[in-house]
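Shared between the two complexes below is chain A, which has chain B as its partner in the first and chain C in the second.
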Partner chain A sequence: MIIQILVSGLVLGCVYGLIALGYSLIYKASGMLNFTQGDILTLGAFLGYTFYGVFHIPFILTVIIVFIIMLGFGMVLEKGIISKLVAKGTLPIYTVLATIAVSYIIQNGSMLVWGTQSINFPRIFHVTNIKILGVNIQTEAFVCILVSMICMVSLHIFMKHTRFGTSMRAAAMDPLAARSLGINVSLATGLTWGISAAVAALAGMLIGPLYGVYTTLGATIGRKGFASAVMGGYGNMYGAMLGGAILGLVETFTSAYISSSYKDLVAYILLITFLFIKPTGIFNERAIQD
Partner chain B sequence: MGKHLLELKNLQYSYGNIKVVHGIDLYVDEGEIVTIIGANGAGKTTTLQTVSGLTAASGVKGEILFDGRNIGRTRGHLIAGQGLVQVLEGRHVFSKLTVAENIQMGTYIRKDKANINKDIDQVYEMFPRLYERRTQLAGTLSGGEQQMLAIGRALLCNPRMILLDEPSLGLAPIIIKEIFESIVRINKQGTSVLFVEQNSKIALNVADRGYVMQNGEIILHDTSVNLLQNEEVKKAYLGE
Partner chain C sequence: MKKQLSKILALGLSLTMFLTACGAGKTSTKTEETTTGAAVSESTTGTAEVGEIFVIGNPQPLTGVNAQVGESANMAAELAVKVINKEGGFNGVPIKLVNYDDQGSPEEAVKIANKMIQVDKVDAILGSLTSSNVLAAGGIYNEARIPTIGTGNSPTWMQQGWEYVFRAGLNTALSMPHVTEKMLSLNVKKVAVFRGLDDAAKTSAETFIEEAKKAGIEVTTIESYTEGDTDFSGQVAKMINSKPDAVFCSTNGPTQAIFAKQLRQLGFNNLCFNREGIPVDTINVAGDAVNNWVFAYPYVVYSSIEEAKDPEMKEFLELYFQAYGVMPFHDCAYRSWDAMMVFWEASKIAGSNDKEAIKDAISKIKDFKSLGGMLDFTDGTREGLHTLNDYIIIDGKYLDFNEWLKAGNISKLAE
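Now for the complex of A and B:
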């Protein structure tokens, strides 16, 4: 029983973590909040369903195709809307509003295309369950956790141990100095938004098979992802993941041992408590000064 | 007189409607070390940043010729690849990257991968303190060390010409001496240098020629030897 709860908690936690990661990366690169993250997750889930469930493209291929499409989507969002607004001298807070606008456009748009009903994501694996420590775990849940971990580790290696990833961090830290050394800061920023969108879409394809796909799937997850990023230390990649895991576990354990109707209550009380006792998050990030 | 390596012809720059550089002419020849001196707000930083494409292209008027090509409209990140790199005022190291990562970013545009490691070694040889601190975050370095890092990092772009904006800013005299010795050494090794300074005495002792800038205009231009003798310069900039 406890292992099953733990697994459900980690599934949620990983998905929150992937969304939180995007919030943090974008904050570092643009100093901006991007509230489209959750709805991009929804879009990713719908696209995944369409390619895999309707067109019967193999799941792995579906994931790759959607990842690339959403990478482009995130870059276009940044280059086509966000950086244009910033160049016009729009106040940051209005630019954040623009991301909220885009989020509703995605939500409503996907309603037009895929309807209002929750859609079942067809099963991905023939083996329904796998046994871990003598407990049956749904294969999709296991894969969700595994792929999320792989995604986080790859992103870590990319950002910390490749020249290009380091240049993206440098561009976020000091755009002027980065440009003086020949780093294309505009590309780096766009790519950051692209990666964040692609990772959110991936999260959608991981959670879709477990939760079903519907237009407001990402809305709640997006909010929780934002909360995770704050708890972890806004702007910190590792904090985002840890914050996600904590929130997912707290939520699932509350559902299991108290009542599922209290899970959001407990989660958000935890967030407020965090804001009071550790405003810089677990990883001590000074979001405002940075 | 042959072709200059860098030549500014009637260069003007405006931030929106406010013009701060009012048409300056300036040149640097291959192998030279040249300084621009002037008081706060004279427009020195604006001039340098305009040359290296770091100010908005929309504010630029006049010509910037580097090696005969007009680079006045070239965007910032493409300038370093042309062989022109700037060390920014206030150093601008990537504070949360390590020293080694900062150094690596200096090589970002390099295509001749084979020579990179040798060049990195050379920079560490020139500034041994950076080598000792290569795993440290750049933000934790002292001001002098940060300036060395900023210079070393710029050198790794393998530039034909290096621009430095107030390399002495906020540093103790002994460190300033060290920094300028390295600038002279870099110049001797074949890199042309244009630098901006408020510390006019040191600047004119190091440079071959100097320009005096005031309110966005060049009011004097001569060899450093002559400028050091000039009564006006003595009074206004050397405090004699």
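Now for the complex of A and C:
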């Protein structure tokens, strides 16, 4: 049973981690907070269901299509709202509020298009379960862990070891200096938001077959993803995943061995503890103090 | 180019916000006028002047997670208005529904209640299907002496002693002794409970626990969840470790399907009992995981008219399908229809549309055939429904649980 709980906690943690990756990426590359991540996950799940479940487009193709759509969505969000507010010289808090407003628009918009009932996201794999360490794990859950790891490593490599990733970080640190060096700051920032949205949508498509798809699917996950990013070290890719894993495991083990009533209490006390004792997170990312 | 792009984006956003604001408009089929928050619509068939119309206030959730359920309830209520007015209304007076979107929020329910009484001068109230909203607004209706038929299932609002507030649907508190009786007959001695924290889910679970204790059934563990959670493996692990013979589940919305999947995934294959009917969308999402789930409920949601055996139900489904081209999405449609029929019957018994007379007449209704079974309000509890049917889900279909037991299927389950 303990292995089963461990795996469930890890799956949950990986979903939180994928969302946390988006928060971290945006903060790392543009110094902003984006609270639409959870609802973008929902939108991704709905789009995935539409292409895969309704139009019967192969899953891999569905992932590519939704990834591209959400990449565009994230860029449009940044260009159409965030950068406009920044250009007006509004306080950073207003951009955060704008992202909260957008999250409600996505939630209500999804309600209008797909309705309020739970929708069954068809299974991705023919093999229902795979056996790891003697316990049955739903194939989609295992893939979820695998994809999260791949995303974490690739995003880290992209940000740290590619020219474009370096440009993105430079654009976030000092836009003026970056511009003077010939970096396209606008494109770099837009792309960051796009990638974050695409990763969140990917998470939505992965958890769709596990949980079904409904309009509030990403609401709680979004909040927990934020907490994960803070715990891991806001702005750090590995920290995002580790924070997610810790939060997922803490929640699951608290439910199993203490009480389900204390699950959220313990999780958020952990977040507050990190904010007070180690605001730079496990990976000592200095983003919070910037 | 940049200016054009921002104009397009602004237009797109405005359109989305407009559509969001009009969410209630889409969910109510005959909405003529809607506003955000308290979405209002009126519908009547007939041409009587104001003052010659019997006005029924109908607050239901038309936005939010229960929007589709509220829409289904409203469609049935509108259909009832059409049928009743065609037959001459209440004692020759046409009836009219004033629809409001209570957003499933008690705060909104109170605001709407005051508006319906002071501005719309309603003669009766139908709903809400959200029990916590009836609990919040019921006292206001009662004080204004307006006959009300709530359509939520929770026992709490009927425990307040409001003499003007009635129910024509199921009180889950009444079904709990039935469920524990059924468990005893199946030799269930230990049960684990999984419950939500909203009023309906919590109260049903508490009533069940009380009844289980009375019946000598041991409650091995009580696990809860927060709305929006997607992982219940911790709770499930604890429940399975407590080695129950069965699981009792008191949840709402999408949680049910996810919980059922994780419960089966972690290896619990025995019978599970649900506090109320399991809707079709839950079955679609949960698939095989809701096999062997049992519930005691007056009705189930049918996918086709042919599935229904009861003539009253068949007739209602035919009318509904004829009017809207779809089957009712949720049993809340049945509840609203039955409530409207009770008002109609009361107006006939009273022979007048006076609020006091209607209220007194509801208490006299006996042996009245509804979609949920025979209604009897004469015992003074203001509850009309006292009978239940037992169902089990097998391969996505609702089967008669007692027939299933008679066929000896329980021994196959044990194997």
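Rule of thumb we're sticking to: the second predicted complex is superposed on the first by the 286 of 290 C-alpha atoms of A that agree within 3 Å, B and C clash if a C-alpha of one lies under 4 Å from a C-alpha of the other, contacts with A are read in each partner's own complex, and residues count from 1 in each chain.
The definition used in the following text is that a contact is a pair of C-beta atoms (placed from the backbone, for glycine too) under 8 Å apart; a residue touches a chain by one contact, two chains touch by 3 or more.
Here the structure is a predicted model, which means the values were calculated and not measured.
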| item | value |
| --- | --- |
| Overlay on chain A: chain C relative to chain B, clash or fit | fit |
| Touching partner for A:Met173 - first (chain B), second (chain C), both, neither | first |
| Touching partner for A:Gly182 - first (chain B), second (chain C), both, neither | first |
| Partner chain(s) touched by A:Asn136 [first = chain B, second = chain C, both, neither] | second |
| Touching partner for A:Val76 - first (chain B), second (chain C), both, neither | second |
| When both partners are placed on the shared chain, which of chain B and chain C touches more of chain A | C |
| First (chain B), second (chain C), both or neither touched by A:Asp264 | second |
| Contacts of A:Asn284 with chain B and chain C, given as first, second, both or neither | neither |
| First (chain B), second (chain C), both or neither touched by A:Thr216 | second |
| First, second, both or neither for A:Thr162, with chain B first and chain C second | neither |
| Closest Cα approach, chain C to chain B, once both complexes are overlaid on chain A (Å) | 15 |
| Doubly contacted chain A residues - partners chain C and chain B | none |
| List of chain A residues in touch with chain B within their complex | 163, 166-167, 169-170, 173-174, 176-185 |
| Complex interface listing, chain A residues touching chain C | 1, 4-5, 8-9, 11-12, 15, 76, 79-81, 84, 104-105, 108-109, 111-112, 115-120, 136, 138, 207, 210-212, 214-217, 219-221, 248, 251-257, 260-261, 263-264 |
| Residues on chain B engaged by chain A in the complex (per definition of touch) | 52-54, 76-81, 85-86, 88, 92-97, 101, 104-106, 108-109, 153-154, 157 |
| Interfacial residue positions of chain C with respect to chain A in the complex | 5-6, 9, 13, 16-17, 19-20, 23, 26, 63-69, 223-226, 228-235, 237-238, 240-241, 253-254, 257-258, 261-262, 265-266, 279, 281-282, 284-287, 329 |
